[in-house]
Amino acid sequence: MQILKWLGCAAVGATMFFAGSSAFAVTIGFSQVGDEGDWRPAFSKDMQEEAKKEGIDLKFADAQGKEEEQLKAVRSFIAQKVDAIIIAPVVTTGWDQVLAEAKKAGIPVFLADRDVDVADKSLFVTRISADFNLEGRLAGAWLAQASKGNCNIVELQGTVGSAPAIERKKGFEAVISLFPNMKIVKTQSGNFTTDGGKQVMEAFIKSTDNLKGICGVFAHNDNMQLGAIQAMKEAGLKPGKDFLMVSVDYVPAEKEALAAGDANASVELRSAIGKYIYPVVTDYLKDKKDLPKWIVIPSDLHTAATPAN
Amino acid sequence: MTARIEMIGVSKEFPAVRALERVNFRVASGEVHALMGENGAGKSTLIKIMTGALGSDEGEIRLDGRPVEISSPGHARALGIGAVYQEVNLVPTMSVTKNLTLGRQPRRFGLISWREARDRACEKLERLKVDIDVERPLGSYSVAVQQLIAIARALEDDTRVLVLDEPTASLDANETELLFQVVRDLKHRGLAIVFITHFIDQVYEISDRISVLRNGRLVGAGATADLPRLKLISLMLGRELKRTEERLAAAPGASEGPVVLSAEGLGKRRTMAPFDLSLRAGEVVGLSGLLGSGRTEVAKLIFGATRPDSGHLEVSGERMTAHSPRQSLRRGMAFCPEDRKAEGILAELTVRENIILALQTKMGWLRLLRQNEQEKLAEEMIRALGIATPDADKPVGQLSGGNQQKVMLARALVSDPRILILDEPTRGIDVGAHAEIVSLIRKLSAEGLALLVASSELDELIAVSDRIAVLRDRRKVGEIARNDITRENIIGTIASARS
Amino acid sequence: MTPSSSVEADRSLHLRVRALAGHRAVWPVVALLLIFAIDGVVSPGFFHIRVVEGRLFGNLIDILYRAVPTAVVALGMAVVIGTKGIDLSVGSVIAICGAVITWRIHAGDPHWLILLSALGVGVLCGLWNGFLVAVLDIQPIIATLILMVSGRGIGLMINLLYGGTNPSFNSPLLQGLSVGHIGLVPTRLILGVAIFAALWLLIRRTALGLFLEAVGGNSPAANLAGVDARLVKYAAYLICGLCAAWSGVILAADTHTSDPVSIGLYIELDAILAVVIGGGSLSGGRIYLGMTILGALVIQTLTTSILTSGLPPEYNLVVKAVVVLIVLLLQSNNLRGALYAGFARKTG
């Protein structure tokens, strides 16, 4: 009997040993929102690839856009006694309880992308994400420089009331307000879609007599900008040459537009952000040093001069 | 013995008609009382007044000798008057328990107590000696059991009067027997039971007394044993004194034309017992019988609107392989349904479109009748049938009932049929139009058309028919040839004992 | 003029006004004119039309141009609604068409074949809806909800078939149909008129229209009159699917990219609205093709006007809702009767 038990233990130990470094590496649970759009699946893929590179044992859970699925996933991470939990929250509210459970179990929680609304900020270590406001400021700064501070701008807003639309607009306006000769003369929502951007730009072209006196177009995302470019070209205008075109996202089609000279600048919304998130988590696990509550992932502005990728 | 419920001198008037005229109606405790009458006799008005759904204009209701004012259906229930209607007013997808306690669920601390509800449901069913699983959905049980559950729902501890409105309409013989056992049992417990049915045999099987209404008046009442069938049916059908009973001269040789339609053993379970029927060119065959005897069913089976499950039909010597209105139209049949609102008119479409519809379906969708042809046909029909409409492009929904009926007749005629089936062609038509339609029927048959006319009006049938098929209780019980067509013969055939 | 004859003239005028007010086309046209009047005040030069890059150019042209996809879908919707049905899946059909077009272009098919494939998708979707409604007898709103919910997911899956990271394409044929022009006139407008004409001929120059309306008005009665209701319903959903597919071609080629999540989003609601503004009743029985076009134009005029007006985007939906509500209220006989009675009391 004794011998049998010993043998069993040895077998388990051996398996653990031969499983390689993972047995000794950190285990992280990552609860993702879902796989809507282009950006999020790319983000998930990067998190998994980056984890492999770093030798992290990543437990990935897709919440399919459902809050209750996400809570379930987080609780199962707690039960599995992972070393740390990363959450890309589906919603901002309703987190106090489950985060308290994680804290009680001694598991640090990190937020990626969206924020949560909890009374006790010590329930999570930090939030690591891009800054929509910064993206707006970068776009504004580029436009100010390119136009030397003299520019009448038309703006294509994102979906009314959405966080990126609000923050990008705020950031953009904060910068251009520093320049007395820069102002937004027309603004409408294109709902973040190509078709929406195209329709809005068509209307702008008519209501401004072929964009007379306009020097720049700021779109809250590339899709709308691409639609606007189509509308301008169909009206015989030359976007990228006669008009300064700046937007956010840096999607593949926008790269092509930059290369073709139809667009001038795009602020990258990174999906490959694993390399920013994991070091923060592993460093914290090593020395448990307090971190600021928000760590901003740098945003890069790309122009036609920036080599693709 | 005092009556359990007694209605004395009850009258009710609606805008256009006098529905009840000083009707007396009494039912004793421990009695099954059959309430008889044809369409429009006033049965349902009387029942509605009894159960509080309608108020009366004059008259008095006494319950166990005490005068009562029944103000609402809820009040009637509280007084111990329960009713079960023909269509089961229950929810098939809900459990038997829920159906039995809906609207009066037992509550505990403001919440429904389902355990108590279940107990109460079982108790109710036990009273009727029905033993079923009350948690299963109602719809999973047969129509007969559903009917019993409906009775169970109507029965409270203190129910004194129970109204059963055509409870057996969709039951077969065995199921009816099951229901009757329950009815007899309730009778022995002293309930007063009002039983409404179209099945004459059932009246004689279950009832103790009979009251007969016609045109809002009580025309006869008495013990069932003292009222032979012949008398009962004569009372129900009555006699239209205003109209002549004289037969219009039939075209000579009407019954010598070639047979254009013959049905052999055509029937459908629960709808119509298999029957034989033939129709000759230039002949008018009437379908006679009481309400619910199967007139409409025969017409629909022949036209293919109801798909038969036995027998076969030959049209012009060719056997029909598929039964559908489309096929029938193609073979030269046309049909004018009884219920024009539900099955006849297309209210939003114009008179013209309504009239040409059947002809157009016969021609197929690719060959649209040209506008001027359509107008010509419509104008012809509007003139021929005297349809009162400002123009052919008025939506049919805006015409009066009689004119809608004529539009439907026009639709059938325009399709150029060899066999025309008319179900209640004169329903809701004024006297003048009535005579027009009767003479039109004769004219059409003289032109060689074969007609099958179902009607509840004996005089009308006698006036137009060369031969009459008599129906009772969803079976054909006889056929009366041309020279023997008299009122007495028809009534006698309907009343004849079960074959 | 004697006083009595003036009263009479007044009365006949009242009657004439009343008869005019009762005509179906009046209220949508009034709405259209009102929106135009406001446009004229708010945006000077709104009606200006000139030639740019060899084509007509201006807000009015934009309205017609942008209305085409909605109007074509609405025509199909009018047919389905005429049979007492509804097709919620048109937006999803558009998404699937867009995805199929992009996928086959990446696969290298000849473009005329791709056009046919896209229309084939519409036919398949129509047959599917028709099967659920006509054969399985599922309520139309539920039956078409199935494809509405799943269709955009199917589109995303098709996008994955070629990687789907950059779902844009180039197709001279398809883009020519969508954004090209013949002479000064946009091609899609010409083709839209052609579709309207073809559908009108199909509905009004064959008996199909009569059968569709008969089935929608009173299905049992139509059956007794020999109409094959099942086949007729099939035809209705087929027509609707085909119309949606054509819109899918126009919309996908417009931005020459496949975005199943956003393409034609809520177009089913605009299409239903167009039918209703055009006097169609959801209880079926009547098909008004021309009026449906008018309804689509009201909706698009409203959208374009809002975009050019400089109104903050937060108000877009509110303004649209209010205007549509007013048009529909004016369409209501009851309300109009009440208003007229009130007016007559005040003046009389």
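Just so it is clear, A, B and C label the chains in written order, and each chain counts residues from 1 on its own.
Assume a residue touches a chain if its C-beta (ideal position, glycine included) is under 8 Å from a C-beta of that chain, and two chains touch if they have at least 3 such contacts.
Remember, predicted model here, so these are calculated numbers, not experimental data.
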| item | value |
| --- | --- |
| Chain nearest the global centroid, as defined over all protein CA atoms shown | C |
| Chain located farthest away, centre of chain A as origin (C-alpha) | B |
| Between chain B and chain A, distance of the C-alpha-averaged centres to the nearest whole Å | 71 |
| Length of the line joining the C-alpha centres of chain B and chain C, rounded to whole Å | 45 |
| Interchain centroid distance [CA atoms averaged], chain A/chain C, Å | 37 |
| Touch list for chain C against partner chain A, complex | 43, 45-46, 52-53, 57-59, 62, 66, 165-166, 168, 179, 251, 254-257, 259, 261-263, 265, 303-304, 307-310, 312-314, 316 |
| Residue numbers on chain C that touch chain B, as the complex places them | 205-208, 210-211, 213-214, 217-218, 220-228, 285-286 |
| Touch list for chain B against partner chain C, complex | 303, 305, 325-326, 328-330, 335, 337, 342-349, 353, 356-358, 360-369, 411 |
| Interfacial residue positions of chain A with respect to chain C in the complex | 36-38, 157, 160-161, 186-189, 191-196, 198-200, 202-204, 206-207, 209-210, 223, 226-227, 230, 234-236, 251-253, 256 |
